[in-house]
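You will see subunit A twice below: alongside subunit B first, and alongside subunit C after that.
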Partner chain A sequence: MSKRLKFMLKKELLQTLRDPRMRIVILVMPIFQTLVFGYAVTTDVKSVDTAVVDLANTSATRAVTDQFVASGIFVPVWKNSYEEAWHAMDQSEIQAMILFDRNGRMQFVTDGSRGLSAGVTAGYAAAILGRNQQAPVTVESRAWYNPMLESRNFYVPGVIAMMVMVITLILSSMAVVREVEIGTMEQIMVTPMKRWEFIVGKLLPFGVIGMVNVLVVTAVAVFWFSIPLQGSVPLLMLAAVLYLMNTLGFGLLISTVSRTQQQAMLSAFFVIFPASLLSGFAFPIANMPAVIRFFTLFNPMRYMMTILRDLFLKGNGLSTLWPNYLAMFLLGTALLTTAILRFRKTS
Partner chain B sequence: MTDNDYAVTLENLTRKFGDFTAVDDVSFSVNRGEIFGFLGANGAGKSTTIRMLCGILKPTSGRGIVGGVDISRTPEKVKSFIGYMSQKFSLYDDLTVEENLNFFAGIYGVKNRKDAVNRAIESAGLAGREKKMTGSLPVGWKQQLSLASAVMHNPDILFLDEPTSGVDPVSRRKFWETIRAKSDDGTTVFVTTHYMTEAEYCDRLSIMRAGKVIALGSPDELKRKNDRDTLEDVFVSLVQQTGDTR
Partner chain C sequence: MNKQRFRAIAKKETIHVLRDPRSLAMGIAIPVLLLVLFGYGLSLNVEDVPLAVWDQSGTAASRDLIRDFTNSKAFQPAGVCHSQSETEDIIQSGDAMAVLVIPADYGEKIAEHMPATVQLLVDGSDSNMARLSIMYAGGIVKNEAQSSGVSIITAYNPAMDTTWSIIPGLIAIIVNVIAAMLTSLCVAREWENGTMEQLISTPVRKVEFILGKLVPYYAIGVIDVVVAVVMALFLFGVPLNGSLLALAGVSAVFLLTTLSVGVLVSTGARSQLLASQLSLIITFLPGFILSGFVYDTKAMPGVVIAITKLIPATYYVSLLRTIFLKGTWGAAPSKELMFLSLFTVVILAATMKKLKLNLDGR
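Showing the complex of A and B:
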């Protein structure tokens, strides 16, 4: 290793670790975010307050109601009339209704204003009714790779991609412009330090921070949330390295074109939001319009998201995932090269 | 081989920023080992000239030779044997005195780094304060430290861009003692300043106005030629003669 690089790395580490805000960003934020996504961001529906109006009150209708209650998902709230139930729905006191008319015909209603969970609730209801022996057809669906359809299994691996981008993109977007703003850049420019030594010295510590984050979040996912990691850890690490080439390259590019740290910070957010929205983290890419789908091809997070979910839940190997690795490698190389060429010691 | 007789040579050096010509066809030479003062109103083009000579700004046209090296062709080569210090404090506030010096000594590949750092601490008058955060030092000490850091690698040529602005008179005098000592050791010093008392310490001076050099000579020569008693009067009369000061 070049001697100058060694001094550059030492300086960067001293500065980064000395900053208390930085220590929080590096250590506390990843764990906090993982916990938030693990516990709070869930599309699983639990304890749905359900108005029950049974105008028929036969053994058959009571049996159906019992099945709903026994599922543990629906919590019955007894009402005497449809009007009462509707009113309760209007007041958001309940999220679903089971209504039997005088002839014992059943109607199931969910609160559509609650978006995603309304659909999930309806799905549960259909499943319960499907199990009803009097029904002519029994539907039995099974979700592979995530049999309990736990949204946690789906979201927490994705958090790794989000987390790493937020942290390393922001850190690296500050890297150069920070020194320009405080005036130390000029002093560096007049030294014989080589371009690559400066850039590697700047980015390598952030790369290491990114890798540590990946390991920390993976550990929380596996040991705290018991999300199975089916695939290989080395493949996960390789994906992380390629992904970091992208986030650090983009950050450096932002840093070399920004004049102030504020500008760099805003630009970084401007990248992070669309990257996350178009990554398939929350919204499936397959459902997007063709134009938008085309743009996602240039989004490294999209590939990382696929790799993470496949590695965690399916345990796929390189034989199926290689296009994602290749895409990240190409994008990352292009970003890093552009950034390095933009960075000049003589203007 | 005139290139090697002088520490610095400028031949028709010009730098434009868009339509604005910051340095306009400037030519002069600086002798080895002399203290060369560079005067001029704000925005006259002094800093732009220095930054070109240090290899961080490309000349639009003309030639600049520093220590025998062409600054347009190989700007990186210049950087190992020059020292540079600007008016804006440019060491790291969030590193200690010692860490800053170690870093810059390391970058320049200074031999016997420990000794060099200790000597720098000594010369900046910061013995016993090595572990202090640089940001907590008063301005005068910071500038002493900047200078000590800029000369740690024993540069042949030292560029100082308004090194003493905002520094109290006592620190300023100490500062100039250091510069004088360096010059006596054979270092060429190229310095810009606003203080006429400091201009008096220089072996030769050039005065710049609107991107052009309008006077050149020793302090005494300049006073005699312009028939003025003080450099301040020389400066004011020259700068005002040709109209605006930009």
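Showing the complex of A and C:
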């Protein structure tokens, strides 16, 4: 390693980590956020406050209500009239209603403004009602890789990908434009430093910070949330390196096309937000229209998301995951090359 | 507070914004583009789950059952298996996310009107899809809701179109981040460029400085909200059942809240890099994950629920959904509005305390 490069690396690491608040933001906040998100990411539906209006009040209707209550999912809130129940739903005091008219006919109402949980609530209700029938065929289900269907196991590995992108993309997108805006770029220009030394010196420290983030957040997932890591750790590290090529490449590209830090920041957000929402983290890619599915092919986070989930839960190896690794490698190379070609030290 | 000095700061900041037309254009274009992209792109419905079949029975009855599965909206055929190892391979590779296993005695049992059991193996690594697939499968074999005479209704959203609940939430999330990002650099930039010292030498007071700074960004935020609401109504056909006035009032308060968060970050950080890192970290992922936009806050543990209540986006997501879909404006929503107002006052007070218009703080 050349002496100049060593100086550059040292300068960048010092500059980034000099501010104790910065150290907290990029090294401690991710741990804290993963801890909170790990508990938040659940699509389970629990303690649904349910208005019960029973105008028939027969033993049959009471039995159905009892079944709902016994499920442990529905918490009854007794109401005397349909109007009262609807009013409570309008005010968001309840999320579902069980309504029996005078003839004992039942209606089950969920709050459709709540998105995902509305569908799940309706599904639970259907399942409870279905138990009452002598069905000719029953379905016995078994879930592989995640027998208890813990939503946490599905979502927490994905948090790693989002967290790392947020941190490394912002750092690298401001890397060059910051020097230009403050005026220190001119000082670097008069040094004999070569273009590649400048870029490597800029990006490598952020890459190191990114790897530390991956390791720390993975440790939280495995040791705090006991999410099994079935696959190999070296494969996880390899994926992280390829993924960081992409986030840092994107960042450097933004940095070279932005004139102010404000522009760089807005551009970074314009990459991070779609990358996260179109990665399959929360919204299934299979359900997206064809045009948008095509866009997702250029989203490195999509591949990282697949690799993380398959590595953690399925323990897949390169034999099935290699297309994702290859895609990240190609995308990352393309991004970095474009960024380096665009970057002129003398600009 | 001196009106003239306030106006001077507002004018200065406006010129600053107008001088960087690219940032201004991004501040308005990014929300529009994101809303178009996600409005069409995102759906939480689970449809067309790829289903493989291992039919050990091979009878007319088993083929009927398979047809019921593949004709439903929930599943689409994704191959045939002939052995246990094949079912494992097809799920491991991701080609199928569920396998329907019909036992060899299925045909006989159906013919003799005996209770039969089929097995559904699902890929549990996607817990959400797995759970919904199991529910759908139960529905297909039983058709329970119809036969028991119970109607299941989703109120405010009869077609169960998840776009209707996603769009109002999406507006909240996008405005939340954009607004905080716009202001998060406005004080840090002055320190970094050295212009803060010039401002300190003027008689401007803290309150004039902070409020004056907010003016141009507030205008951008208003444009963002108006454009987003127009798109929600006319492009995505989300009904506005509540009053436009309620929508405007709630948005006006929320914008002030999140812009103030940005100013506080900017005042505390003093470096643009730290300010942008911090503002994105505290607004984007918490807004996305903790606001109730995707994950129901009710299912979270108590401590986490308490944290969600400290995030302004939580209230705006819920208020927008209420105003758009429910059209109600009663006691509960105004509590949320009260909180947002209180939150804004606290944030602005903290900014006042943190802001030092002298050189000692350097």
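We take it that the second predicted complex is superposed on the first by the 305 of 347 C-alpha atoms of A that agree within 3 Å, B and C clash if a C-alpha of one lies under 4 Å from a C-alpha of the other, contacts with A are read in each partner's own complex, and residues count from 1 in each chain.
Heads up, the rule we're going with is that a residue touches a chain if its C-beta (ideal position, glycine included) is under 8 Å from a C-beta of that chain, and two chains touch if they have at least 3 such contacts.
As the structure is a prediction and not an experimental result, all values here were calculated from the model.
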| item | value |
| --- | --- |
| Contacts of A:S59 with subunit B and subunit C, given as first, second, both or neither | neither |
| Which of subunit B and subunit C A:T110 touches, first, second, both or neither | second |
| First, second, both or neither for A:K11, with subunit B first and subunit C second | first |
| First, second, both or neither for A:Q262, with subunit B first and subunit C second | second |
| Greater residue coverage of subunit A in the superposed arrangement, subunit B or subunit C | C |
| Touching partner for A:D19 - first (subunit B), second (subunit C), both, neither | both |
| Partner chain(s) touched by A:Q91 [first = subunit B, second = subunit C, both, neither] | second |
| Touched partner set for A:I182, first subunit B, second subunit C, both or neither | both |
| Partner chain(s) touched by A:P192 [first = subunit B, second = subunit C, both, neither] | first |
| Interface residues of subunit A shared between complexes with subunit B and subunit C | 19, 182 |
| In the complex with subunit A, residue positions of subunit C that touch it | 20, 22-23, 26-27, 30, 33-34, 37-38, 40-48, 65, 91-94, 110, 113, 115-132, 134-135, 137-139, 141-142, 144-145, 147-158, 160, 162, 164-166, 169, 174, 177-178, 181, 184-185, 189, 192-193, 268-269, 271-274, 276-278, 280-281, 284-286, 288-290, 293-301, 303-304, 307-308, 318, 321-322, 324-326, 328, 330-333 |
| Footprint of subunit A on subunit B - complex, ascending | 54-58, 75-76, 79-80, 82, 84, 86, 88-95, 99, 102-104, 106-109 |
| Complex contacts: residues of subunit A adjacent to subunit B | 3-4, 6-8, 10-11, 14-15, 18-19, 182-184, 186-193, 345-347 |
| Interface residues, subunit A side, partner subunit C - complex | 19, 21-22, 25-26, 29, 33, 36-37, 39-48, 89-93, 95, 97, 105-120, 122-127, 129-130, 132-147, 149-151, 153-154, 159, 162-163, 166-167, 170-171, 174, 178, 181-182, 259-263, 265-270, 272-274, 276-278, 282-284, 286-289, 292, 295, 309-310, 313-314, 316, 320 |
